[in-house]
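Chain lettering (A, B, C and D) follows the sequence in which the chains are written, and residue indices restart at 1 in each chain.
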Amino acid sequence: MTLKINNITPLRGIVPPMITPLNLDGSLDLDSVKKLIEHLISGGVHGIFILGTTGEFSGLSYKIRKELISATCDIVAGRIPVLVGITDVSLEESIQLANYSEKAGAYAVVSAPPFYMNIDQQELYTYFNQLADSISLPMFLYNMPSHTKLNIELDTVIRLSSHERIIGLKDSSAHAVYFQSLCHFFKDREDFVLMVGPEEMMVETVLMGGHGGVCGGANVFPRLYVDLYEAAIEKDFEMIKSLHAMVMEISKNIYQLGGYKSSYLRGLKTTLSFAGLCQANFAPPIYPFSTVEVEELKKRYSQISAEMSIN
Amino acid sequence: MTLKINNITPLRGIVPPMITPLNLDGSLDLDSVKKLIEHLISGGVHGIFILGTTGEFSGLSYKIRKELISATCDIVAGRIPVLVGITDVSLEESIQLANYSEKAGAYAVVSAPPFYMNIDQQELYTYFNQLADSISLPMFLYNMPSHTKLNIELDTVIRLSSHERIIGLKDSSAHAVYFQSLCHFFKDREDFVLMVGPEEMMVETVLMGGHGGVCGGANVFPRLYVDLYEAAIEKDFEMIKSLHAMVMEISKNIYQLGGYKSSYLRGLKTTLSFAGLCQANFAPPIYPFSTVEVEELKKRYSQISAEMSIN
Amino acid sequence: MTLKINNITPLRGIVPPMITPLNLDGSLDLDSVKKLIEHLISGGVHGIFILGTTGEFSGLSYKIRKELISATCDIVAGRIPVLVGITDVSLEESIQLANYSEKAGAYAVVSAPPFYMNIDQQELYTYFNQLADSISLPMFLYNMPSHTKLNIELDTVIRLSSHERIIGLKDSSAHAVYFQSLCHFFKDREDFVLMVGPEEMMVETVLMGGHGGVCGGANVFPRLYVDLYEAAIEKDFEMIKSLHAMVMEISKNIYQLGGYKSSYLRGLKTTLSFAGLCQANFAPPIYPFSTVEVEELKKRYSQISAEMSIN
Amino acid sequence: MTLKINNITPLRGIVPPMITPLNLDGSLDLDSVKKLIEHLISGGVHGIFILGTTGEFSGLSYKIRKELISATCDIVAGRIPVLVGITDVSLEESIQLANYSEKAGAYAVVSAPPFYMNIDQQELYTYFNQLADSISLPMFLYNMPSHTKLNIELDTVIRLSSHERIIGLKDSSAHAVYFQSLCHFFKDREDFVLMVGPEEMMVETVLMGGHGGVCGGANVFPRLYVDLYEAAIEKDFEMIKSLHAMVMEISKNIYQLGGYKSSYLRGLKTTLSFAGLCQANFAPPIYPFSTVEVEELKKRYSQISAEMSIN
């Protein structure tokens, strides 16, 4: 089976939303970019998604976004597909990022709704159509209502799916009924790719016909999520039970420390710094954990790593 | 395995949230209550839940609620467990309903958070504890944030689960991460029952360790949901695929007509009236569909019934 | 000018939402009811509103609600209008409370939207019309979206205002544009009464044409709010400045202690207990402050009382 | 009285959030920029705020934003203060816009919270502090929770107000209690400027101590809002009544056509095109009204213009 455009194979599997390694001064930490990408590829991931929410796209200047696009495409060098987040509030800036991504060799772009103006579904439809018309790469829709204030309703997805460059959707709503409605509508359209955001629901959506997950935790433990995805494909419930429990332990221990709205992002990137895969520097308005919190997180990470190596 | 209280077996399976059959003047339609209950039991359901949201509890006077409790317990006569919704904004009224339910012979009661005052989790915890202390029946928590404005957070559930009379939770949030977090925490506590509300996500939650579903559509097609539940238990994916598609067709065609906030309730009860199982009368503030809408719904119902009998 | 029904004069001024004095066992504290009512009347208030949100209506059993209605009407004995909250989720229960209030001698009833089911404006319109058709007392609409999840939109108010028994609206949304839109639409309809909930915006709305305020703080300091209302009517800006500053001090020091969602209610009733006007007992799900918080509140209250007596 | 920095006089009065005139191809319509600015200045406004929500900042590329900053500062040429919106999701991009504005000769910059990431108040505080530390112009905070999902809480404003470059706040929440709380806290701090967004509440806030309004309608009718502001300062209630009624008519007839979330923006800019002050072109995701809607709006505008010239 090939996609409606470009004869590319539709995406399946685990596509980590890569964190963006930064130096203390806010510049791109290129060494860590390289290390992290090799870590992901050697972990068996099926693609890499840069400049998503986990990639802190919104806090980065355009200059750094472009550097990351180029670097990632160069380092990956075609080994796996690279997806680039081009979400913005300005259509023109999104188009420029898409064009840049194309030249750099990206596989596809990903766009959430414009997230400042309050608009209706018809405007959202027009906007996405206009964006898809203005670029050459295939595009994924990105549903992220907790951050954009705006749900891409099922009918809007259906209407947009007839655009030849709109090839799928990543849903981070965590709303299982919404995702099942998508799966049901597109069940005979294997070319329209449905990926889920929250890793805690990756297995169940794959069991029910979803195509994979954009799992943040795969930055740290790519193999775990790849194995879990494959277990879901194989319907190996013994394996699922054991690996999914790990995923839930990561969720509980790494993503909720301190009870901040930004606990997930802080927890994930700080944990990666323990693994030597980046520094724990963030783009404002995200800021580092306190020393005490870092120590607590380190303890939790050691425990999880230990359990992981036993299993 | 027995429950921590009363030596009763923990609930598993399909427990329809029974609609409340009403006459045009708002009185209880007892004939339909009987017909409907027999329809459900002969469809193989594992329990009946009355006076939930689907049962329009909030619109009913206390007099009618009590009539329904007595009638249901009498008609069911111990064949399957009867769960009674006692959700209220007044602790005292909830307790009275619980006492009444106990005398009538109910299996357990079900309570969502008090839904007028804006409160914090600590107050919610204290409230549920006080309620459980004041009654003798086992009690399910009922998470329904779209209607109560208040999520029962995981930590609050965990704290409440140590109360001997709090034996489980029904989650209607549709939030898959929340439900997976519950399943993960309680994975070694088989006595703490986790049921899911939205029928569109029943299968996937049972596959992942959930204990069953409170499926509105089971009012019309009890056998479908029971078969689907059993397919999930058996991990019979061919069967799951075919039956789940039916559930999704019901969701799409019956629950969303007209795009009202009350489309689900109107659609479900009106469809039941086509099947001769009740009249399409509602408790205010829910009102009947227009004639045109009823005709459209009838067409959709015929189509679904036809497909159902083929399969 | 007389109202469209009953030849009664339309309400103007300060109508405190009376707290409900309770004994420790949850029964009505009748002594305090008497003391509090005399305190309010001697403070010059223009009416009393019982069983509102501040009156904790939702937490009270129907038995206690009726006791309070009778007691209040008896004690007030026609000296000022008594308004009774009949907000409920069941139309039938609301009607019964309205009938009871009429017999007890109330001036009018007050109803917020039914607050469990999610409904659209058309259903809300039908519901309020049906309620007004089923009772004999005049009725105020009560807009309280933070508690009911449902705004009574301007168009709905306009449509409902043609019902002869719907004589006004109390708005607790704190949304100034909404209130100004109401004032503008009804500026030539002096019989349609527009009262505002949050006392912090009472003056400005009276200056702009609003008819008064349902000020919680008037339970403690009725004269302050009455004087402020009269200053607004007189456009005495020196007086306004000084009295409004007091109201804001009360808001800051009494209503926000501890940062709970229920801080307003806890703070108000506890302060009234310092003044010997009730006990600090609440209806679940509201619970008392801790001892430390009570001490802190007492200090703040003393300071405010001292300032008050100086001015 | 002078401001804590730069010896500038604190802002007072009407500061229209200028719409951004665009050509059909999305480029800046410089002719209209000139016409519009002269229209505003000759209408007596006390300042101009560009690149706010009404200025569609979020939909514009950085290139166009910079062109507008330069053009506006050049055209205004010091006659009145120019405020520049630098709201962004990236601190670095905000800083660059601030630096650009300073060189262009702006009076101050205005920043709403970063609006993609979900953060807590402490992160918001740190972010704004960091921003103010990194620029040289004075800065206004901009509270716009309907668009940013994030309220700048009173305590956060208070903490930020001690930064020498943070000189005021524009509040577009429409929440009267919030605004009164600000006014009360800062009542002895005349250097900290409090402006209100929604023009429907401009008068009442000025009567209560607010310093002015950022009134969108002043793009069309600057004199009306300036006169209303002065009437409020003079406490001329006859004048207030008549002019405020006009403002409410504009709100009702111009800002709500079609019931879209974008009705305000579409209505305002299209009306300005009737007045020959710009073309009715928008930055995506805002799109033009249909021909029928434009005709209806034209009728309404004629009526309002006629009434205006009578008065």
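Note that in this section a residue touches a chain if its C-beta (ideal position, glycine included) is under 8 Å from a C-beta of that chain, and two chains touch if they have at least 3 such contacts.
Chain by chain, the UniProt names read as follows: A, B, C, D = Dihydrodipicolinate synthase family protein.
A quick note: this is a predicted structure, and the numbers were derived from the prediction, not measured.
Asks: Hopping along touching chains only, can you work out the least number of steps from subunit B to subunit D?
Replies: Minimum step count, subunit B to subunit D: 2.
Asks: Same or different: at the subunit A/subunit D interface, is the fraction of residue numbers used by both copies above or below half?
Replies: same
Asks: Would you mind pulling out the distance in Å between where the CA atoms of subunit B average out and where those of subunit C do?
Replies: Chain centroid spacing, subunit B to subunit C, equals 36 Å.
Asks: Could you state the distance in Å from the CA-based centre of subunit A to that of subunit C?
Replies: Computed from C-alpha means, the inter-chain centre distance equals 50 Å.
Asks: Could you check subunit C for residues that touch two or more other chains and list them?
Replies: None at all.
Asks: Chain contact topology under the given definition, line, ring, star, complete or other?
Replies: ring
Asks: Among all the chains shown, which pairs meet the touch rule set out at the top?
Replies: Chain pairs that touch: A-B, A-D, B-C, C-D.
Asks: Subunit C touches which residues of subunit D in the complex?
Replies: Within the complex, subunit D touches subunit C at residues 174-181, 184, 187, 198, 200-201, 203-205, 207-208, 235, 237, 244-245, 248-249, 251-252.
Asks: Touching residues of subunit D toward subunit A in the complex: what are they?
Replies: Contacts found on subunit D: 26, 53, 56, 58-62, 89-93, 96, 113-120, 123-124, 126-127, 130, 146-149, 260-262, 265, 283-287.
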